[in-house]
Amino acid sequence: MLTYNKPTTVDEAVILLQQPQHAARALAGGTDLLVELRSGRLAAQGIVDLKRIPELRALRAEQDGFRIGAAVSGAELGEHATLKAMWPGVVEAANLIGSTQIQGRASLGGNLCNASPAADSVPALIAAGARCTVAGPGGRREVPVESIVTGPGKTSLVSGEFVVDFVLPAQAARGGDAYLRFIPRTEMDIAVVGVAVNLTLDAAGVCTTARVAVGAVAPTARLVDAAGAALVGTTVDETALNALMAAVRAACAPINDKRGTIEFRTHVAGVLAGRAAKIALDRARSRA
Amino acid sequence: MSKHHISTTINGEPVEFLCDTAQTLLDVLRDELGLTGSKEGCGSGDCGACSVLVEGRLVCACLVLAAEVDRCAVETIEGVAQGNALHPLQQVFLNEAALQCGICTPGIIVAAKALLEKNPDPDEEEIRFWLAGNLCRCTGYDKIVRAVQQAALVMRSA
Amino acid sequence: MGRYPAGSPGWRDKVTGQANYGADFSLPGMITGRVLRSPHAHARIVSIDTTEAGKLAGVRAVVTAADFPDLPSEVVAGGESPVNYRYISCNAIARDKVLYEGHAVAAVAAISAGVAEQALKLIRVEYEVLPHVIDVRDAMRDDAPLLHDNLYTEGVDPKPTKPSNIAKRTEFLLGDPAAGFAESEIILERSYTTQPVHQGYIEPHACVASVAADGMTTVWSSSQGQFMVREFCAKLLKIADSDIRVLPAEIGGGFGGKTTVYLEPLAIALSRKSGRPVKMVMSREEVFKASGPTSGGVLQVKLGARRDGTLVAAECELAYQAGAFPGSPAIPGCMTAFACYDIPNARTVGYDVVSNRPKCAAYRAPGAPMAAFAVESALDELALELGMDPVELRLKNAAKEGTRALYGPKMPVIGFVETLEAARAHAHYNTPLKANQGRGIASGFWFNIGGQSSAAVHINEDGTAEVVTGNPDIGGSRASMAIMAAEVLGIDYAKVKPLIGDTASVGYCFLTGGSRVTFATGKAVVEAANDVVQQLRARAAKIWKCEVDEVIWKDGVAHPAQGQTDTRTQLSLAEIAASAARTGGPISGKASLNVGGAGPGFGTHLCDVEVDPETGRVTVLRYTVIQDVGRAIHPGYVEGQMQGGAAQGIGWALNEEYVYDDQGRLQNSGFLDYRMPVASDLPMIDAVLVEVPNPAHPFGVRGVGEVPIVPPLAAVANAVARASGVRVNDLPISPPRLLAALMK
């Protein structure tokens, strides 16, 4: 019989989740977990609902950015005006996950730990340089978001560990981010390609830093260093954008599946990178 | 392990029920509480026919464990009309032929009501994206979008 | 009518959540049924052992094909087209072989869904996996794996000696196509493919069956015809029609897909064995894997014309996927392909081909959209090559009253030309486009049908009326029935309550399909209401002590006939109803008819799209549906049919398809990856009602529900071609496919 527990503290949750072979599963928004449960694919013997732990539901501005509880819903992120103003790309990415109904439940923690290569919020978080707090039997550690997912459905979390919250740094004065994804419809699809760009400019409009991350084109979301490097030192002109697009395409290692082909994903990843960079650039300029 | 004893409020009335972990809120609404107005079209959150509000938030009841709603307020299609008086959305949907088979209608009315409470004057695009999670195979959405706008007008002038 | 109800009689329950659909019924003592389905695309069933499942606590019954009569393979009349009950039976539960992933193998009824699902895991099925074939072209090859050892191609001479996956070849011929092509100044020949698409109703198949100790069987089910369910279950289980009563649930969408049975026979067998009412509901995955899509097809079109655009000859060869059992709509595909046009020399050849996919079911104008996609796409290219406006080209060749159709008859009064003229005059057609945008136009035809219908009109003591028919209300027919009855009776429609009877409470009605209900059942309602009017006049005559001929009925009131000059007052329907007991008893009219004279339907669609040349994404910007609807009884619902059909066609054109892996397993059996249009995918859909009344209906009604899904495939494809300069002749025009074409 499947058990259900709703701990109210992180420590309690760690104990409940500390089961061999991940036999206990963490529940945040449940928009992936319940589909698994319903299809009979859920192997777990217990469900640990993390939403009654206050830390996982908190969203607050801190001195150096934002701390976002792992179970905060997409809808709540979208309603947070200052977060949206500083990290529009991250919020847009989170808000692209599913329908209005899904937004009422889906969380950053779940989107990350479900470990889908196509998770929308993950490239945006990586590009933003977000870190997450992992709690577990060994205490707490703060790690970059990109260190969590190791492959489709696989994470680096050990038994008893879960993500408590995310820490988004403060966006630079002349910084901007953007996330674009490609889906066949306008809503309700899983990303066929996702690209996030986060860049900063100097007073002269020259790009000083750039982080570019891609989703759905490799076993995990990837930070593409060469793509960021293509923008740094430029005014993000056509030449730089072409170099960015080429670097993104070179970093793609997608598969053919029901959602897209290798050729399509690779080509469109470049297209979206170029478009996302332009949006990020406009945002960086308008923040300056 | 025994069943979970859940105390909740549904459409303003206190309700208690027993459930297994694997039962969704939709299972309990339909099979245990006789509230069959919320429909199951997919069981995976892709059609919106089971749209309900939990603590004021629009969700798919098929993607919520029944055990999760302990001490929460749940609102379903059965709570939209006040006694015999239809909600403006319900009346306008009937007047404007904004439904055909009607299986998606409860979910769409619950979702549209949530939209109009948040935004009393949504434009076409806002309505379409808000309702993108509510599949309708009969109408092509045209009359649904118009009905939501019409109901919004009725509600604003009320 | 001049007036129509703002509301929808009988529909209030649909907006409050109180309407009872297939899965909403419960009975005391009811248990739950679940189906074990094949994991293989093609396999021989070596053995099925249900012993362990039967022993599980809480399991009340287990059935396999052994619990059903082994029916002979014979084609008999029934349903919308001839049916072979052996195929329907073997599709409901596999006998000897499984023919597609998801094919039912066994069913269990247990005290809970959980126990039933546990029991399914205890059923041991030994399969001998066989090579499978998914694609229709592959299935037609000589070396293809054979689905049925005893299937020989019908319609070829001499009769084949080897079995084949081609169930049937059909040919229609008019004039002399070879001579026609010889005199053509321009010939255009193209190939097209379309993918199977699912009807996509949001309500999964669901039913409750209860078999009493004396064998009396009651079924509550969501279908397009309670009489169809009774007929099919009676045949499949060898029960007398009179021993089955089928009560129609509210239906949550059908579009043709609920014109057959899947769960009902299993639920009856399980109830019979367990002695308990059994509820069965499909999951969405089961709906996709085991209920009918419509066929995908491979089509070849050849058009011959003169330089002035006159079509001289035309040919179309099409092969449609039937799925696991014969029965694709290849024949209606052949019949409809050129029905919009007056072409003196034409030939169509159709092949009905089986492959390891679910058995196809009817879907809105079955067979016509694929043929129209091919023909209307080719016509668009012809228009471009001739430098002609595509509406003008169609007008030049449009079928009119008296045009000989390739499939035989001459067209009666039709309104195709009127739709084209309306298109040409529409603001949509004359609005400039921007870069990367294109406008497509396409037309379509559907026969529409009549058939057997019954109706009863009962007058109540208070002057209200009930209209009882036997057709599930799938898109507003209750309102149409009430309006027509009210019109004849001369009373306010609000006083008319439309009801849908079960199989024991109303005369036979053929199913809701073929766009027939407002036409055929509507005609029965009109006749039943006329029967009532006759009785009302007779009662008035009795009260007035005069002859019936001396009473006329007008606006709901009996009047003395003209020339009568006495002091008799008028008698309203309510007054006559109130005194019915004293004048001869209840007033009730009925009609049971086999209705002919269905008026063919034509539509012309305009579609504007924008193509993103870098990603292949197509956005539908504007869409206009123009259709000859005969006479719109309830214009709101008529528009709704047109808009809904267009939306389904747009999905078919752009994104909907079945994706199989190399093992023949469906990869997208959910709404997430079977991409039907969502609200944000579509623009407003302008519906223009052209009214050319059908002389065979008292109010001029012609069917409207199916025509609107015929033109959109080509309307979208033509718009994409004109927007991008690239023509994609293989549906769906999904972004990867269009981008690949753009980058060539």
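List of remarks:
Should a chain be cited, it is by its letter among A, B and C, assigned in written order, with residues numbered from 1 in that chain.
Definition applied: a contact is a pair of C-beta atoms (placed from the backbone, for glycine too) under 8 Å apart; a residue touches a chain by one contact, two chains touch by 3 or more.
Just so we're clear, the structure is a prediction, and the values are computed from it rather than from any experiment.
Chain-to-chain contact here is organised exhaustively, every possible pair of chains being in touch.
The chain pair A-C and the chain pair B-C differ in C-beta contact count, and the higher one is B-C.
Put simply, the C-alpha centre of chain B and that of chain C have 29 angstrom between them. Taking each chain's centre as the mean of its C-alpha atoms, chain A lies 44 Å from chain C.
Of all residues in chain B, those touching 2 or more other chains are 20, 22, 43-44, 46, 129, 131-134, listed in ascending order.
Within chain C, the positions touching two or more other chains are listed as 671-672, 677-678, 680. In chain A, the positions touching at least two other chains are 186-188. The touching residues of chain C, when paired with chain A in their complex, are 117, 285, 614-617, 654-655, 659, 667-668, 671-673, 675, 677-678, 680-681, 734-736, 739-740, 743. Chain contact summary for the complex, chain B toward chain C: residues 20, 22, 30, 35-44, 46-47, 49, 76-78, 80-81, 86, 89-90, 93-97, 99-106, 109, 124-125, 127-129, 131-146. Those residues of chain A that touch chain B in the complex are listed here as 1-4, 6, 27, 30-31, 34-35, 37-38, 47, 49, 51, 73, 75, 98-102, 104-105, 186-188.
Those residues of chain A that touch chain C in the complex are listed here as 39-40, 182, 184-190, 192, 257-261, 263-264, 267-268, 271. Contact residues of chain C toward chain B in the complex are 6-8, 11-12, 14-21, 23-24, 114, 199-204, 250-255, 281, 283-284, 474-476, 634, 636-637, 639-641, 643-648, 670-672, 676-680, 682, 684-685, 687.
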